[in-house]
Each structure stands twice: as structure tokens, then as C-alpha cells.
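Shared between the two complexes below is chain A, which pairs with chain B and chain C, respectively.
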Partner chain A sequence: MIISLLLALSRQISLNHRWILVAMVIGILGSWLLAYYAYAIAEALEGVGQELLNATLYSAVILSAILLSLHVIPLSMSASKRAFSERRPNFFQPALYSMLVITVSCSVAREGSEIWIYVSGFLYDPGALQSAMIGGAIGAGIGMSLGAIAYYLFVFMPKKIFLPFFLVTVTLVVGGLSMQVAKQFMQIGWLESAAPMWDSSFLVSEQSWLGELLYALLGYDASPSMTQGAFYLAAIMPTISGVLWHVLHRRENNND
Partner chain B sequence: MKSIRRFLVITLLAIVTLANFIAAVRGYLGSMDEAGQLFNQRMMQQVDLLNYTLPGLLEQIRTRQDVLLLPERSMDNGASLEFQWIDNDGQLLARSAAMPPTLVAPLEPGFSFVNFDQYRWHLLITPSADKKTWFILAERDDQRYRLAESMILQAVYPMVLAIPLIGVIIWLVLGIGLKPVSRLAEELRQREATDLHALEQRDMPIELVQLTQSTNDLLRRLSASFAREKRFSADAAHELRTPIAALKIHCDNLLLEQNPPLASALKLQAGVQRMHYLVEQILLLNRTAPDHFMGKFEPTNLTCLIKEMIAEHSEMLEAKHQQIEFEGDDCWVMGDRPALETLFNNLLSNAIKYTLTHGRIAVNTWQRGSKVVLEVMDNGPGIPEGQRERVFDRFYRVDGDRHNSQTPGCGLGLSIVKQVVDLHGACIQLTQSRFERGLLVMVTFAAYVPSAQDMRNRQASQYVRDKSPLEDEASTHE
Partner chain C sequence: MWIGTAAHAEVPVFTLEIRDHLFYPSLLVIPAGTKVKLIVLNRDTTPEEFESYELNREKVIMGGAKATIFIGPLAPGDYPFFGEFNPKTAQGLIRAED
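And now, the complex of A and B:
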């Protein structure tokens, strides 16, 4: 989903697609390293290495996604094509590509390492390996198909609709990831796991298919704690303030 | 969208994969439930079987004082059914070999799960038909799951394996479907720049008819515009001829009336002469243009033609005290005589123009197998190697207007030569002169083998030539 969205973004703002290759290579290599050293990582730093690494990867994704959003805000605000190209000076390009690469490679490394570990678990059970491979192929097929369909949907969206949609989606994803960061810190006891703010499991249970889909897309948590809420707000604030600043700024300009 | 084919292959394959795999997952889950039901049913049938066989043995077993152990029989990779037979007091009467000698679960009728012997087991606990004893049927969960899965996956395999095949088929089918587009593109690409004929619309799919019609419309407008542009230069040059001729006469009269003539009047005469030359060159260029050429190709004696042309230029050669040498074989080519005259005239005029007073010019015609080579060589300033290709461009002059030939020129001479060379399927080459400096122009034609009639014509022209000032094949003008 995030890869389709970023690929569509780079198509919509006329960037070269080559960054995805770099990001995928880094991501896959990274995921393999993480899986290979999983035991050492888990043991490191008095047993909190895995959580800290997860939190770091999530944070890197969050930061680069926020920077990307801040870059996209002025583009989505300017209606005319001229302003669109004017607002993208050349020196921005390397930074833009780095943000895209960081977002995708960290996400792929994080999720990919779990796949490696899952697959390696079946290597010692040839009977189960076959069905696991089929299950994996079906899962990958569904994932890639959804990704491809989403990509073309995003690409064919008019820019005026796509860019705000991108901002909203990325902000929600960033919020969801920030809750994961908070969860990691609470697991290792660095943060107090206060009482949950609410419990929406009666509405959408985390175990239901909708709950799982929402978790995969937006990091849905049925009973988030106060700390998680604070992290969520902190993560979505930069984008929201960016949007507000630009709206006010434009109104002032119009008044002048 | 960079490629329609790629877009369609990816989206169609994604939709087929999604539909197929979601159906597979749905089918898998449904089938697993069904298989569970089937296994439960099997347990109940087994209970019926035990009801037929075991109660008759009850008295016999009670006298034995020990538990009857029945041998285990199970298929490889299959899920074997185990059982325990218990009386109403909880006393174990018989069991299959894989079951423990103690009760695995309390006697509560129905299906349940229990863990023993390091596995998770499905249990069916039920009283016997005569209500005097109990049966506990047990089946290993992992065996049951694996058996069910191995049956169901047989149906899922083909779906997964079919996806790459479907992808290839979609790719090929789209390739066939999009062939008219690539054919249209190929037809447009292979066209000559001057070919502006309408595209063929027969057998064109309806999706492309509109595109073809728009393209044909554009081609028609382009063709009309090109024709207008072509006619314009020829018409303009033609229309300019009369006023320039009048100007020339008035200018000559003016000079006659003035004694001594004014410097401005002399400059005026030079300007009019230059304009006259330019107009003539433009008309010549137009006449030798491939799409306007009206000439008649016939066997022509090139050697003869060249000798006559040299004779015609004798006045110009004498004026500059230049020395000309002619040597060569008797060469025939298939060509248009006036066009060939224009070609040689321009080459020789250039040589005379750009060679200094007392300079040397050499003209040769050589028969080289099936080729005829015409060489015009001088010891003038020559053309730098980097500019030799460009001199064939219209209005291009070496060193711009800074050259000091003092002769009228407009940069069309070699363009005309190139056009005549192309018309005759010949090739032209500019190289270093064999003199100490200067230019060598080599034009290579396909040779023509003359017939007896051509030879008679040649003798007739020989008679005419004998009366001309050029007396020998290797003659010299001083």
C-alpha cells in the first residue's frame, strides 16, 4: 500500500522510478540481515535490542514520511501547473529521493525480516514447507495484485484529488506507526503503560478481518493507551500544522 | 501510462490473481470446515462399527481380567482412528495400541479436544448402543489437519501455477490485439520524408480509424503546404527574371551614357549581375529537384560532353590565364544531358572561380570496371576537411562571405551538383587535390556499355567536335 502510494506520488510529480530499485535492494538485504542476526539483536542491550531496533525503523519511516508530506503540502495547495513546477527547485530532488528510499527500505526491512524468520521456521519441516510456500505465494499474489490495482488507481487520479488523498493517508499511516513506537517503548518498560483511553473492540475487534485490515493499513489499535494517543498526536501534528500554515498563508496572500 | 500493453497486462493479471486467490483462500477455509465435518462423521461411523462388534465380547473380556489390546493399523501419512472402550464404572475394557492404558478424558458425551502423548487430539465420547459401556474415539489433530490440507491443496496448486501462464497468455494476446497500432506506427516510421500519401484505412480496427483519419487530414494539409512552398521559390525566381533582365539593360545603357562611368553605376551593374546569377541558380536548383525533374535519361558520352563544356569555358580560362589539362577514357553513362552539363558546368566554374590567376585545373574521366569516375581537380585554396559535408547545403559558402574569389556566388552550385548526382544514382566525394594543394572532386557513375547505334552517334558528334577549338584529348589552354 505504502509502496504503491509512493510510486504513484513519484509518477504524479514526475520523478524517476529508479529509486524503487535502490530501496527494494536495500530493504531486502536489510531484512535478511535483521533475520540472520535476529537472535543477536534480541539479546543485545540487555534483551531490548529487538524493540529498540523496531522503534528506530518505525521512527525513520515516520520522519521521512512527515518530511515527504511537508514537501507535498505546497504542491497540493497550488492549483496552477506553473506554480507546481516553480515550487520544485532542483536541489530538492536528491532529498526527495532519499526520503522515498528511506521510507520504503525501512518498511521492507522491518516487514521482510519477519517473512524470512517465518519461512526459515518451515525449512526444517518439509511437509509443512510446501503448504507454507503455497500460502506465501497466495498471500504475495493478493498483496501484489492489490498493490498494482491501487497504484493504477492512484496514477489515474487527478493530481488535485491524489495529493490531498496522499496527505491524509500518509498522516494516518504515520499516526498508526507512532503508536507502534509507543508500544515498543511500553514493552521494554521505558514508558508507563497507562490505562487505555477507550476500547473500541466492541465496534471493530483487532482480531476481526476488518480490524486486521485497519491494523495493516493504518495501525489500528482497539484500546490505545494515553501514551499511544500522545505519540499519535505528535506524529500527525507536523502535517496538520503544515496544512493550516499554508491555508492561512494563502488567505493572507489573497487578501493582499 | 508509459505502455498500454504493460498497463493492461499488469491490471488484468492483478484482477485475475486477486479473484483467483481470494476464491482459493475462501475455498480452502470452506473445504477445511467441510473436511472437519467429514472426519467427525467418520468417527461416528466408527462408533457404529464398534457397537456391532465389541458389546458381544463384553462377557468374554470381563473374564480375562485384563485390558484387550487391539493392534494398530493406519495408512502412511493418514489420520488413524484410535479408541478406548470403558464400562460404566470407568474400567478400561479395550483400547487400540496407540491409546494410553488410562482414561484420556472424563466420560462426558460429545466432541471435545484433549492433549496427551505430546499431541492434540479430537475426541468423540459416546455411550454404546446398549448403554452398558462407553466408547472414546480419538484422532490426532495434526494428522487430521495435514490430511485435509493435502487433499485441498491439490485443488489450490493449479490456481497458483496457472497465474504465470495466464500472464504470458495475456501478454501474447494483447500483443496480437495491439498489432494494428504497431503496424500503423511502423508504416509511419518507414515513410520517406517526402511521402505524404494518405494512410490505408482498409482492415483498420474501429478504435484506430479516427486516429488514421486525423493523421490523413494532417498529411493532406502538410502536403498542400509543402506544394505551396515548393512552387513559391520557383514561381518567385521565374517572375523575377523579366524585371532583372530590364534592370540589366537599363544598367548597361546607363554605363554607356556615362563617360567615365560612375563608381556607383559599376557597383549597380555588379549587383544586378549577382541577382541574375542567383535567380538562374534557384531555377536550376528547382529544375533538378527530384520531385520536379522532367529530364530524359539516355546513353550519353560523358567524355565528349566534357570536352565540349571545356571548350565553352575557354574564354573564362583565358581571362584568368589558367592552365587546364584533360585526360581520360571514352566513358559512357546513362543520364540526362542537360543535367550532366549543369553538373560539370558548376564543377568547372567553381574550379575556375576559386583557383588563382595562372593556376592549374585538371579534368579526367576514367573507366574503372563497371564504374565511370569524373575528376575535377584544381590547385586553389581547397575546402577544409570539416566543411566538406556542409558545402552541399543550400546557401552555404566556405568561410561565409569572407572569401576573396571576387566572383558572384550564392552557395547553390554544389547543392545543384549534389541533386544531379543523386538523380543519376551516382556518388560524389571531395578530397585533397593531387596538386600540392587544392580540391579534388570525384563523381562516380555506373558505366554504360554503348551499342552500335550509340557509336554511330558518337562518330557524328566527333565530326562536330573536330570543328571545335579543342583539338586533342590532352589539350592545354593558356
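And now, the complex of A and C:
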């Protein structure tokens, strides 16, 4: 999801697409390293290594996604008026590319390592390995087709619609990821779990296909705790304030 | 049986084992309303993922490894969990009681 969104963004603001190759190579290599050292990572720091690493990777994605959003806000506000190439100084380009690379490579590394570990469990059982691979390939196929459909939907959106849409979606994704960060800290007992704020599992259960889809897209959690809620708010705050600031700023300029 | 015993500190500790893609015990009774430290020992050579929607937890446990997961404080009730890599066999229930 986030990958097709970012690809579409770089198409929409006409960036070079080569960053995705770099990000995929780093991500896949990283995921393999994480899986290879999974045992050592898990044992590290008195058994909290895995959670801390996950939290770090999620945070890296969150931070670079927020920076990307803040970069997109002025573009989306002036979409109708000026061409992007005029507005964007070249100075921003390396920073922009590194944010894209960080976001994608960290996501791929994090999700990919779990796939490597899962597959490694079947290495000694060729029969089971085969069915696991087939299952995995079907899953990956579905995921990639959805990603491709999403990408083309995004690319053919007019810029005026795409950029605000991008901001909203990325902000929701960032919020979902921040709940994952909170969850990692609760799991190792560093943060209190407290009672869930609500339980929407009667509406959309996390086990249902809709729940799984929402989880994959937006980090849906049927019963988030107060701690997760606080992380969510903190993560969506920068983008929201950025948008507000630009709206107010523009109004002031118009009044002058 | 492997129903856990309270150890050091105030947080009670409970132990779960994974053998042949099964959880032992498959029903673990813990006190409600208090934070609990869950130790999961994976006796298999293959990795497993402890997952529970109701407990809001998921953690990969490598073959032969030991994992620590903090849960709760929980309201009284039943909280199912399963092994995500062997969901058909590896099923269990945590029961929180006053």
C-alpha cells in the first residue's frame, strides 16, 4: 500500500523512479540479515531486542513519512496555481529521495524478515515447504496485484485530488504504525497496556478479511489501548498542524 | 503441567511451552486485573509466532528460543491465542480470573 502510494507520488511530482530499486535491494538485504540474526536479536538486551528493533524500524518509517508529508503540503496547496518544477528547488531532491528510500526499505526489511523466518521453518520438510511456498506465492501475488491496481488508480488521479489524498492516506498509515510502536513497548512491559479504549471487534473483527485488509492498509486495531491512542495522536499531529499552518498562512497572504 | 509459578518482582510469571506445534498448557489461568509476564519456550526446531488478537500481542519465537511477553492487566474472561505459523494445531486460551 505505502509502496504504491509513494511510487505514485514520485510519478505525480515527476521524480526519477530509480529510488525504488535501491530501496527494494536495501530492504530485501536488510530483511534477510534481520532473519539471519533473528536469534541473536531476540536474545539481545535481555530479550527485548526484537521489539526495540521493530519499534526503531517503524519509527524510521513514521519519521520519514511525516517529513515527506510536510514536503507535500505546500505542493498540494498550490497545485492549481503553479508548476511543481518551478516551486521545488533542487536542493530538496536528495532529502526527498532518501526519505522515500528509508520509508520503503524499512517497511520491506521489517515485513520481509518475518517471511524469511516463516519459510525457514519449513526448510527441513520439503513437502510442507512446497505448500508453504505456494501459499506464500498466492499471498504475494494478491498483494502485488492490489498494489498495482492501487498504483494505477493513484497515477491517473488528477494532481489536485491525488496530493490531498496522499496526505490523508499517509497520515492514517503513520497513525497505524505508531500504534505498532506503542504495542512493541507494551509487549516488553516498558509501557502499561491499560484497558482498551473501545472494542470494535463486533463491527470489524481483526480476524475477518475486512479486518485483515484494514490492518494491512491502515494498521486497524479493534481494541486499542489508551497508550496506543496517545501515540496515534502524536503521530498525526505534525501533518495536521502543517496543513493548518499552511491554510492560515495562505489566508494571511490573501488578506495583504 | 507447566502452569507457572510467581518469581521475583511483583509481576507474576507464567510459562508456556511449544512442542510439536502445540501449546502446553493449552489453557492458562492467570489473575485478572494485573500485569503478567508470560514466558514462552519453543522446544521445536522450527520458529513459531505467538499471536493473539484479543491480547493484542504477536511475537516470533525462533526454534529452541525463549520469549518474554508482558500481558494485561486483563478484565476477567477468555483470551484465545495461536501459533501463526501453525494455526491449525497451535491453539490456546488464557483465562483471566479474579
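Note that in this section the second predicted complex is superposed on the first by the 251 of 256 C-alpha atoms of A that agree within 3 Å, B and C clash if a C-alpha of one lies under 4 Å from a C-alpha of the other, contacts with A are read in each partner's own complex, and residues count from 1 in each chain.
Just so we're on the same page, contacts are C-beta pairs under 8 Å (C-beta built on N, C-alpha and C of every residue); 3 or more make two chains touch, one makes a residue touch a chain.
Computed from a predicted structure; not experimentally measured.
A.B. asks: Quick check on the chain A-based superposition: chain B and chain C, clash or fit?
C.D. replies: With chain A as the common anchor, chain B and chain C both fit in the superposed model.
A.B. asks: Specify the partner with more touching residues on chain A, choosing between chain B and chain C.
C.D. replies: The larger set of chain A residues in touch belongs to C.
A.B. asks: So, does A:I134 touch the first partner chain B, the second partner chain C, both, or neither?
C.D. replies: first
A.B. asks: Quick one: is A:S241 in contact with chain B, with chain C, with both, or with neither? Answer first, second, both or neither.
C.D. replies: neither
A.B. asks: Is A:Q50 contacted by the first partner chain B, the second partner chain C, both or neither?
C.D. replies: It touches chain C, and chain B stays clear.
A.B. asks: Mind working out whether A:I142 is in touch with chain B, chain C, both or neither, as first, second, both or neither?
C.D. replies: After superposition on chain A, A:I142 lies in contact with chain B alone.
A.B. asks: If you stack the two complexes on chain A, which partner ends up touching A:D221: first (chain B), second (chain C), both, or neither?
C.D. replies: second
A.B. asks: Based on the superposed arrangement, let me know which partner A:G121 touches: chain B (first), chain C (second), both, or neither?
C.D. replies: Second partner only, chain C.
A.B. asks: Just chain B (first), just chain C (second), both, or neither: which does A:V155 touch?
C.D. replies: first
A.B. asks: Aligned on chain A, what is the least Cα gap between chain B and chain C? Give it in whole Å.
C.D. replies: 8 Å.
A.B. asks: Using the superposition on A, tell me which residues of chain A are in contact with chain B and, in the other complex, with chain C.
C.D. replies: No residue of chain A touches both chain B and chain C.
A.B. asks: Residues of chain A touching chain C in their complex?
C.D. replies: Within the complex, chain A contacts chain C at residues 38-39, 42-43, 47-48, 50-51, 114, 117-118, 120-122, 124, 183, 186-189, 192-196, 201, 205-207, 221-225.
A.B. asks: Help me check something: in the complex, which residues belonging to chain C touch chain A?
C.D. replies: It is residues 11, 35, 37, 45-49, 53-54, 56-57, 59-63, 65-73, 75, 85 of chain C that touch chain A.
A.B. asks: Spell out the residues on chain A that touch chain B in their complex, using ranges where they run on.
C.D. replies: Residues 127, 130-131, 134, 137-138, 141-142, 144-146, 148-149, 152, 155 of chain A touch chain B in their complex.
A.B. asks: Which of the residues in chain B come into contact with chain A in the complex?
C.D. replies: 1, 7, 10-11, 13-15, 17-18, 20-22, 24-25, 146, 149, 153, 156-157, 160, 163
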